């Protein structure tokens, strides 16, 4: 079952006259990892950032089509492109979390970082906060390394640890969907490996969409892959098919390294 | 809550606009009596707080020498001569002496004083500031540049009244010994003003020079240019706009400087005949006279303030918007 | 020949730096000698009426402190508006106007406050003086807040929003915190600047020979009193002015250096 349905979605940045995304239709399957791949400028990050409407920090965007998110409580799909009110945006982002390319620890303690999303959601009970932070840190394979220094500043962690912290922070809120925007491109190979393992673990509880310019990463960890080029969705299929048996020539050319 | 915060921050930001407009309106209102009375000639009239006879022959249409209704007539604003003793004696009715004079104010002396002190400051400070900037940006090794830079910025942090004290008791006597003339004069005030704007000019010039891309400098060096040539032919042209901007901005600041000049300029409403004569500037005129002034005199001071405000605003705007456009 | 010109130029440049330093040194040494010469600890115990500086020093701090209470919140929130909320032209204009006000003549601001507060309320007051100082402080705080906030990377804000935080929470919890050190330095430097000001106080709060905490009348000010003392004919007044100048300069330099020290660690 799809937890998100993107239907004929087009997107234009403010002040630009041609759309950066054209007529994209694609599902994000529940509890699966969907990879968005393609050469620079193909629109994969733009698409990802539409899924939590973080574009709307910068006004003037033009949308067409629909992006439907499954409401787990009601079982109905809601078009997130209709959202206009502040509190609806907040709710959306609590349902659809995001991890960025550069690790973004907040200037506070490790504990406060992970608890941040919970606190703004209104959770004040100390025990509950502590429990959920612990669960989140364990789920991000960070607990063992930081459990004895939760009060220390997050800025003191290494790059790989910081990124895992950001994942823990996003996971603590228990979102439906997690969006990863090239999460390992700023990290060394060992940290990259650790995070890839983590992402695969996470799909038990969340549905994942990941943008990556590293094809091998996509083939390693994803269940479904979407190949994009210059704003169009060229091909979407199970990952094995995309890599072993692509239907489109452009896909094959990209996979085999003839361009990009 | 979000809305409240947004509105609050908008209100604070708008306060800046409100204050600026408020200053202009307030000054204008307070200056209005003087503006109405003296008009634009205020700017060219050197007579300040001078009693002037109203009974000049060419003036009234309906002359009855014994009445004191002369004040009601449209009195010419062009009186720019101090009526000397003889003409006063020609007044036809002694009893009318009180009502037949008025006090006029003209702002020429402080305006000239303000402009001249600023120019002197600029001429004195410019070469030194440029030299310091070059030293900090291109010549000194990093640690020295850092330390000297801090020292220069500390010079900028010293309150202006301290410059006044030091200037009056230590710097001015030396200048007067060297050049002759008074210790409190246009020259000494201008020079101390120069020392005050020195660090500011140096810092901004240095920052402008540091924006020159390293590759540009390296290309010049690679061709065998000397440091002087690189500075002259590459760095200065590249940062020219910023440097001019810094000069004009320093000028804008010097225009409004009060305390240091107050100690050193002499505070008399007389046009200087030589550069080492005492005179007065607008801020000093205000500083010294505001306490006792009232009525038209106070209004004249506000007129001066308005003129100063407009000139400063224009100069600073010119510097900021034409020369120092920041790329954000 | 070229090398000679180069050498001369470099020498001139170094010479200018020496001149600059020389002026600084000259002033500081003068202050030291004259100030310490008239210095004794009673200055801190007596008020001006008794030949001391106590009321003036405390008064100056109170004026600057009150000005900060007004100026810092306004300056910071305005700076936040310009950097975080502002859209295009209006925010740009405010930023520009604020920059202009930073260099505006301080005596004009004094005249302004005189007209709008001293005249209607019938007399000079500490409140008027503090407000004049606050007006001078606001553009500086705006400038520093604006600049420090602009240095915070975009992704940090996005990460906050992506967690469902509303904009003001992101600003307060994350962005301001990230810029905290720089903003604090800026505020300290602004404080150091206004505590040394004289002109805005000349006809707004004037000064007083007595110890006072009453802000609704003329309020003791170190800087204004230095000016008065220096204009008095007695030698003792002049000496007192030097002692006061020395203390004022030490105060200003300490605050200034503290501000710089805070950011020094960040490097």
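Order as written gives the chain letters A, B and C; numbering starts at 1 within each chain.
As a convention for this text, a residue touches a chain if its C-beta (ideal position, glycine included) is under 8 Å from a C-beta of that chain, and two chains touch if they have at least 3 such contacts.
Worth saying up front: this structure is predicted, and the values here are computed from it rather than measured.
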{"item": "Pairwise touch network: line, ring, star, complete, or other", "value": "line"}
{"item": "Chains linked by the largest number of contacting C-beta pairs", "value": "B-C"}
{"item": "Rounded Å distance, chain B centre to chain C centre (Cα mean)", "value": "21"}
{"item": "Chain centre separation (chain A, chain C; CA means) in Å", "value": "47"}
{"item": "Chain A and chain B: spacing of chain centres that average the CA atoms, whole Å", "value": "59"}
{"item": "Junction residues of chain A, two or more chains touched", "value": "86"}
{"item": "Per-residue multi-chain contacts in chain C, two or more chains", "value": "166"}
{"item": "Where chain B touches two or more other chains at once, by residue number", "value": "2"}
{"item": "In the complex, chain C residues that touch chain A", "value": "87, 153, 155-166, 169, 173-174, 177-178, 180"}
{"item": "Residues of chain C defined as touching chain B within the complex", "value": "2-3, 5-6, 9-10, 12-17, 19-21, 23-24, 26-27, 30-31, 34, 73-75, 77-78, 80-82, 84-86, 91, 93-94, 96-101, 103-112, 114-116, 135, 138-139, 142, 150, 166-168, 171, 189, 192-193, 196-199, 202-203, 223, 226-227, 230, 241-242, 245, 248-249, 252-253, 256-257, 260"}
{"item": "Interfacial residue positions of chain B with respect to chain C in the complex", "value": "1-2, 5-6, 8-17, 19-20, 22-23, 26-27, 29-30, 127-132, 134-136, 139-140, 148, 150-152, 154-155, 157-166, 168-170, 195, 198-199, 202, 226-229, 231, 249, 252-253, 255-259, 262-263, 283, 286-287, 290-291, 301-302, 305, 308-309, 312-313, 316-317, 320-321, 328"}
{"item": "Parts of chain A lying in touch with chain C, wherever the complex brings them together", "value": "52, 54, 57, 59, 86, 90-94, 97-98, 100-102, 104, 106-108, 116-117, 120-121, 166, 169-170, 173"}
